[in-house]
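Chain lettering (A, B, C and D) follows the sequence in which the chains are written, and residue indices restart at 1 in each chain.
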Amino acid sequence: MIKILFFGQLKERLECADLNLEYAGEHTVVDVVQQLLERGEVWRPLAENDVLVAVNHTICAFDATVRDGDEIAFFPPVTGG
Amino acid sequence: MIKILFFGQLKERLECADLNLEYAGEHTVVDVVQQLLERGEVWRPLAENDVLVAVNHTICAFDATVRDGDEIAFFPPVTGG
Amino acid sequence: MIVIQPEDFDHGEQYKRLRARCDSDGAIVTFTGLVRDFCHHGRVSTITLEHYPGMAEKSLMQICAQARKRWELGEVTVIHRVGELSAHEQIVFVGVTSKHRQAAFEAAEFIMDYLKTLAPFWKKETTNHGPHWVDAKASDQVAFEKW
Amino acid sequence: MIVIQPEDFDHGEQYKRLRARCDSDGAIVTFTGLVRDFCHHGRVSTITLEHYPGMAEKSLMQICAQARKRWELGEVTVIHRVGELSAHEQIVFVGVTSKHRQAAFEAAEFIMDYLKTLAPFWKKETTNHGPHWVDAKASDQVAFEKW
């Protein structure tokens, strides 16, 4: 199982703050995104260009490996400070 | 008459904080320095390389013109802040 | 010291704390970011700051660690508020002490530039025309890339 | 606001004053210089700050005016103490507000770099080996020339 979180405008557009996904093997973030996109149109914003991803609290590229137990977060460019 | 002031280490070495000098015409700072140097050995530190000069509260070059009534200050590089 | 909190902070107290701990350091630089009362959508009444708990703290810690690698620093404090804030309220505080003023200035600016691009916080502004999410600024990316 | 005084200043009050006057500005940067307790001659007990009255104020005003020409600034405060100060005491305060954080950072650093090279103040340190006048630092000249 992996935990997936969404923040900011992305969370609002997806109407989802977090979800758990059954998970086995070692795939990449891209594979995880693909799996969500297959669930339907509502997940489309995940494929937009400016979406950032963090695996276990560290921003990484979409080809990063995801392992069972990981926490994946998707969010728009940050605007704090 | 012009007023001449000295600050910092220069003031201590010259053992003089300020003096007034009879003045007529339009000469340069260099001429004023020359006049003081002619007063004796004790004024030698005025001719050292790192001495700065301000005419009427503005740092300037030694070829700046001095007019009657001006205030001339000589001092070492500043070290405030 | 890194703090993420909804509560306001006392700038004077933070400065005193930095000063009390800075031993032989001769320079203290502080930066404070305030909620601006105007944006291109109109007059801002409040902003809401969302963050990613866990990652936000870690991100700020990493940014401060990077600053310490680049400059010789004494104390470093970062406070970032979350939740709903009104116009003119304090959002963020960065305080840095160092033996040298250039190090203190650069480190404080570096921390802010990195925070603006890497730390997981998001701002939603509420104006007289309603609420909207704040867009990331290209100038923040430029500032980030200069280091 | 430019102040030259023997008395200490309250950093918290200065910050409050800047904040109260900064209207729509979103960024406040402060710099404080403290008396260091050590120099290459030994342990510093006190320093004595001499200044050129009249020119010192004028010089600080000109430096602030130059900063305002280069950056869009709100409030600018410079406080410089004179007379005898003990180790760890506050010597100088620079506070700048601006709409943009980079302007606030750069202006505060610019003011300090110019002050260090142009403003007529001189420091004499008293250590366990006696008093001596502080030499100008080459690094301050380099910092001045970068602008």
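Basically, a residue touches a chain if its C-beta (ideal position, glycine included) is under 8 Å from a C-beta of that chain, and two chains touch if they have at least 3 such contacts.
Every value quoted in this text rests on a predicted model; they were computed, and no experiment measured them.
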Between subunit B and subunit D, centroid-to-centroid distance (C-alpha), Å: 26
Computed distance of Cα centres, subunit C from subunit B, in Å: 48
Distance between the centres, which are taken as Cα means, of subunit D and subunit C, whole angstrom: 23
Multi-chain contact residues (two or more partners), subunit A: none
Where subunit D touches two or more other chains at once, by residue number: 33, 112
Touch-based graph of the chains, sorted into line, ring, star, complete or other: line
Pairs of chains found to touch, sorted by chain label: A-C, B-D, C-D
Of subunit A, residues touching subunit C in the complex: 5, 7-9, 12, 50, 54, 57-59, 73, 75-81
Footprint of subunit A on subunit C - complex, ascending: 33, 49-52, 54-55, 58-59, 80, 91-92, 112, 115-123, 133-137
Residues of subunit C defined as touching subunit D within the complex: 10-13, 15-16, 19, 22, 24-38, 99, 101-102, 104-105, 108-109, 112, 139, 143
